[in-house]
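Structures follow.
Paired with chain B in one complex and with chain C in the other, chain A is shared by the two complexes that follow.
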Partner chain A sequence: MATKKLAFIIRSLPYKTEASRLALTHAIASQTVEIYLEEGDNIEPVVCFIGDGVLNCLKSQQAMKHYGITSLEQHMKNSLLLDLKVMICKEDVDRFGLKEDHLIMDAEDVGGETKAQLVPYSEIQKVMEEVDHLQFF
Partner chain B sequence: MGKLTIGCFSSLVGSVSLDFGVKLAEAAVKKGHEVDFWVSSNATMLSKKGQKAFKDYSHLAKTLTELFATGKFKAVVCEACAEARGYHKDDTMEGWGRRSMDWYLASTFSADRVLLIGGD
Partner chain C sequence: MKLGVFMSDFRGGSDVLNRLSAEKLGIILVGNGIYHATTKENGKSSPLLDKSANFYVLSEDLESRGFSSADVDSRVKPVTYSDVVDLIFNDYEKIIWI
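Right after this comes the complex of A and B.
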């Protein structure tokens, strides 16, 4: 019985490429990973937004309205709904002149209880050192 | 010997990132390691059968066929990513599996190393 920790570090801008969407959809896929594993084994994803990647966390995204596709906001809320650990780098948020109010910090409107964490980069660095595998998107 | 899980998102044509991934897999298999090779997003193009070799474009089908023959190389394509691009089961090159993203995560569980090669 073991749990492997997998970090999804998102540095890419939303919508410019598919990268941040892929990070979130792959992280969310951890919910069904057990069908491939021995009983008791599991994967624990951690999603971290750093650099330009923090712009994925902006509220009120209109991707469905303008492009007819799901927004990164919806994927982020699904992640929180599924109790995934989501961390957002505070220094990078500050750098863009953003405040916590501008960001998707919870998924209460869809029934989620887990909240995203706005943390200093040092905490994200600690996560990167702790996980079994690290992936940059 | 170890197990390497490689995830690729980059397209077959347009950059050589996917070439790098396949070459790395080939080198690892030659050393006796096992490789799980996951493609999603634009990298799903790699699983499309009927690719023709032109000198101006990357051509990895022959290398993949050789890798499949070793028995140490497993390649799986993200089914949803492939379907979204019009690559259906019937269009898939022999040897490939088609699964959802949880297969990739499960592969990382037993991997000694995981390498993600991003896309465009």
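Right after this comes the complex of A and C.
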């Protein structure tokens, strides 16, 4: 019985490239790989937003209205709905003068119970050291 | 020369933009360029906005990223797609994209 830990670290801004969207969809998809695993084996994905990447977490994104595509907000809520661990770097949020109110911290409107965590960078560093696979987007 | 510049990056391109000069310079912030208009780092606005130019920001790109016109620096004018078309045809002779 073993758990593979994966970290998806998002440092890119949203929309101009697909990087942050790919990180979230890969993190969500990583859970479906369980059907290929041995009994008792498990996958534990963590999504972390650092640097400019914290700007993916802003509320009220209207990408569907203007671009006709799902917003990163929706992908983030889907991650929380599926109980993925989502961490947002507090130092970077502070650097941009943002408050918790500006950020997507939960997915209650779609029935999610898990909340995102605003954490110091040192905690994200700890996650990076602990995981088996580290991926930057 | 009346030069219109589309700026679609937040972190890159400023080095080129800083050297550009024109009799009339318009900087149109689109895509990830909108963060120049909305975001302060450590309480400071983007240095790009200190340049002598007319600044515009595309509302559709603002709203897609979770901002509204209320978040925009007072030096920047929010514009729609059709306003940008008017700027291209009526206000600037040459248009470049950074």
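Just a few scattered comments:
By our rule, the second predicted complex is superposed on the first by the 137 of 137 C-alpha atoms of A that agree within 3 Å, B and C clash if a C-alpha of one lies under 4 Å from a C-alpha of the other, contacts with A are read in each partner's own complex, and residues count from 1 in each chain.
We take it that contacts are C-beta pairs under 8 Å (C-beta built on N, C-alpha and C of every residue); 3 or more make two chains touch, one makes a residue touch a chain.
Quantities reported herein were computed from a predicted structural model and do not represent experimental measurements.
Look at A:137: by the touch rule set out above, it reaches chain B but stays clear of chain C. Once the two complexes are laid over each other on the shared chain, residue contacts for A:19 go to chain B alone; chain C is not touched.
Legend: residue contacts after superposition of the two complexes on their common chain; A:36 is shown touching chain B, with no touch to chain C. By the touch criterion stated above, A:100 is placed in contact with neither chain B nor chain C. Shared-chain residue A:71: touches chain C; no touch with chain B.
When both complexes are overlaid on chain A, the residue A:108 reaches neither chain B nor chain C. By the touch criterion defined above, A:83 lies against neither chain B nor chain C after alignment on the C-alpha atoms of chain A.
Within chain A, not a single residue is touched by chain B in the first complex and by chain C in the second.
Remark: chain A residues 13-16, 52, 55, 58-63, 65-67, 71, 73, 95-97, 102 touch chain C in the complex. Those residues of chain C that touch chain A in the shared complex are 8-11, 31-32, 35, 39-43, 60-61, 63-68. Within the complex formed with chain B, the chain A residues making contact are 4, 6, 17-19, 22, 25-26, 28-33, 35-37, 41, 43, 45, 132-137.
Note for the complex: chain B touches chain A at residues 7, 9, 40-42, 100-106, 108-109, 111, 113-114, 116, 118-120.
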